[in-house]
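As structure tokens, here come the structures.
Look for subunit A in each of the two complexes below; its partner is subunit B in the first and subunit C in the second.
Showing the complex of A and B:
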């Protein structure tokens, strides 16, 4: 029998904060190739990561990428879909694409070469990260603006709306790793990732 | 107090910060499914509403849409959106309240749509603006969907006191573990 779910607000009128900082990492002067949030508390309903990243890809292609993984899973359990403008392309164009199945989720457009000393920005939300019944889905907005029509002949700016799927319904997310891709291309100083927890009760 | 030049001084002087983002209520679908979810008696003590949802229904089409009803009304809605799916990417403008696209029974198992719906100034006596972003993931190239939507509810201006979500199609239900979390945002 279908259940008509009508939920009257039980709000007590005494608000408590439902959005809390869990941890923040800021890259120091020596750079950092991998940033890991480990031992993520299981006391929230949803997670949000807000970040700015600058890489050190040597070029001539101006922008690099980063890989996002959960629970150190390096098998082919990830897939992305993208709606956005192209990066490392000229002239810029709108496009939609599927990436994967792969061994990580992409974060795109991490500016690298010296001619692009800008930070990319992203916000990603992960609902039900503690669930042992659901695959984990990311909803991400990211962008990069390098204040130049082209760098080394490439369009180096872009903006994207993305989804990502980690095909693991059995395990809660306990760690998140974001790794700069490319040999000897660590994230540069002042890159920062902030992990937030959103309460659901 | 404004400076008169379009600049505004930050007024917090180090005192205890107000709670600006607060859970109002939530709903999780049980094992029998739910033909709709409705939040009633939404308090008018916040400035904005933010709803996040994790959804899947038992229809058999890719990315079934869902109906948003405000204060019991299904009329006076409009939406402008861009949508990317297996059939391509397109933008459109329509006068209806088909706002949410959900994963369905033909999606990869255990995969639920992730979405966010934001309604600023929901207690004001003006038309309501709505911003929605919604992703339906899948491990195929044929059943995913990315949706960005700007909506408006142009009914007789009134504070929003209820929100209802109904999957499209006769007898269609949201399945177990689907959930909604409604938050209030305060700006002062």
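Showing the complex of A and C:
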């Protein structure tokens, strides 16, 4: 099971049949504030979302965040933990933080529309999403890299690991909604999200 | 709704101990993402870098989150001449590995966003790193060249390129 490719070398030379594409959304010229994967098949063990995102706020500084919700749940059932970089401090440092109960999970930072086409990158894995007796957990790796561009001395580049919890044990995940928050909305053209399913044995 | 299996090996190269470079050429544009897995590197190497489409200009940059076993830190490097994918191993002998993800590599409109995870755990160097990088080019990636800098890749080091096709 080639989660993030970290064990994929074990399968070198053997075609994998446990990783399947489910759906892809590429944002068109008009932008898109919300992207939803609905009617997610319940035939996999885990899900993976891979994406690149750009927001609407001018400049290379972060437009804000892309938020993730499951099954249209907008109540305070989500918790995040993050280990990330803070490169605008002197010297640059690593930091850890917790987002308490909130109405969404932070998925990824998104750079604004600069003169150059910088996009954030993220990969999220949602484990055992079909379970009807466990809270749902996910993990994300994400980053923004905008070279030396700054606004007011601030550079948007960052990289982080995140873990997330959706406190719902009774329901399988059947839909995933990803929303551009605040001034980041809408996601700009060429942003792309791809949903994959990973089978169990 | 699912479109069928994907995550396919494209090519694998096993080093023979006689070269500082491994290159994947003529990469098909038929996938959505590429994943490069480098494993079993035991040589006493300097930082390992990647250049794309033979571009050796200062068109790469990166931000790094790292730990060395006792301290976590971050760093940022702009206007670099390569993508950084593996930390130097000053001792050699213990395997070093990295996984690099190239998302949406074949489009001709966005700069290319890259994510790398790598680990080095030898008597000389201990590091676990996450690296977000960008190649400031809107060209589709058609070749990936991995360069060890100062020493040959050891015999048995493996370089495998995978393709992932979205629906």
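Just so it is clear, the second predicted complex is superposed on the first by the 164 of 201 C-alpha atoms of A that agree within 3 Å, B and C clash if a C-alpha of one lies under 4 Å from a C-alpha of the other, contacts with A are read in each partner's own complex, and residues count from 1 in each chain.
Following the convention adopted for this analysis, contacts are C-beta pairs under 8 Å (C-beta built on N, C-alpha and C of every residue); 3 or more make two chains touch, one makes a residue touch a chain.
Keep in mind that this is a model prediction, so the values were computed, not measured.
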item: Partner chain in contact with A:101 - subunit B first, subunit C second, else both or neither; value: first
item: Subunit B versus subunit C as contact partner of A:27, first or second or both or neither; value: neither
item: First (subunit B), second (subunit C), both or neither touched by A:39; value: second
item: Touching partner for A:163 - first (subunit B), second (subunit C), both, neither; value: first
item: Partner chain in contact with A:83 - subunit B first, subunit C second, else both or neither; value: both
item: Which superposed partner A:139 touches (first subunit B, second subunit C, both, neither); value: first
item: Which of subunit B and subunit C A:17 touches, first, second, both or neither; value: both
item: Subunit B versus subunit C as contact partner of A:190, first or second or both or neither; value: second
item: Set intersection of subunit A contacts, subunit C complex versus subunit B complex; value: 2, 4-6, 8-9, 11, 13, 15-19, 83, 94, 141, 161
item: Contact set on subunit C toward subunit A in their complex; value: 1-9, 12, 32-33, 35, 37, 39, 61-67, 72-76, 78-79, 97, 99, 101, 103-104, 107, 109-111, 113-115, 117, 130-134, 136, 138, 158, 160, 162, 164-167
item: Residue numbers on subunit A that touch subunit C, as the complex places them; value: 2, 4-6, 8-9, 11-24, 39-41, 43, 50-52, 54, 83-87, 92-94, 116-121, 123, 141-148, 155, 157-161, 190, 192, 194, 196-197
item: Of all residues in subunit B, those that touch subunit A in their complex; value: 19-27, 29-30, 32-43, 45, 52-54, 82, 84, 88-89, 108-116, 133, 135-139, 141, 144, 146, 148, 171, 173, 177, 179, 181-184, 186
item: Contact footprint of subunit B on subunit A as seen in their complex; value: 1-11, 13, 15-19, 45-46, 79, 81-83, 94, 96, 98, 100-101, 125, 127-128, 131, 133-135, 137-139, 141, 161-165, 167, 169, 198-201
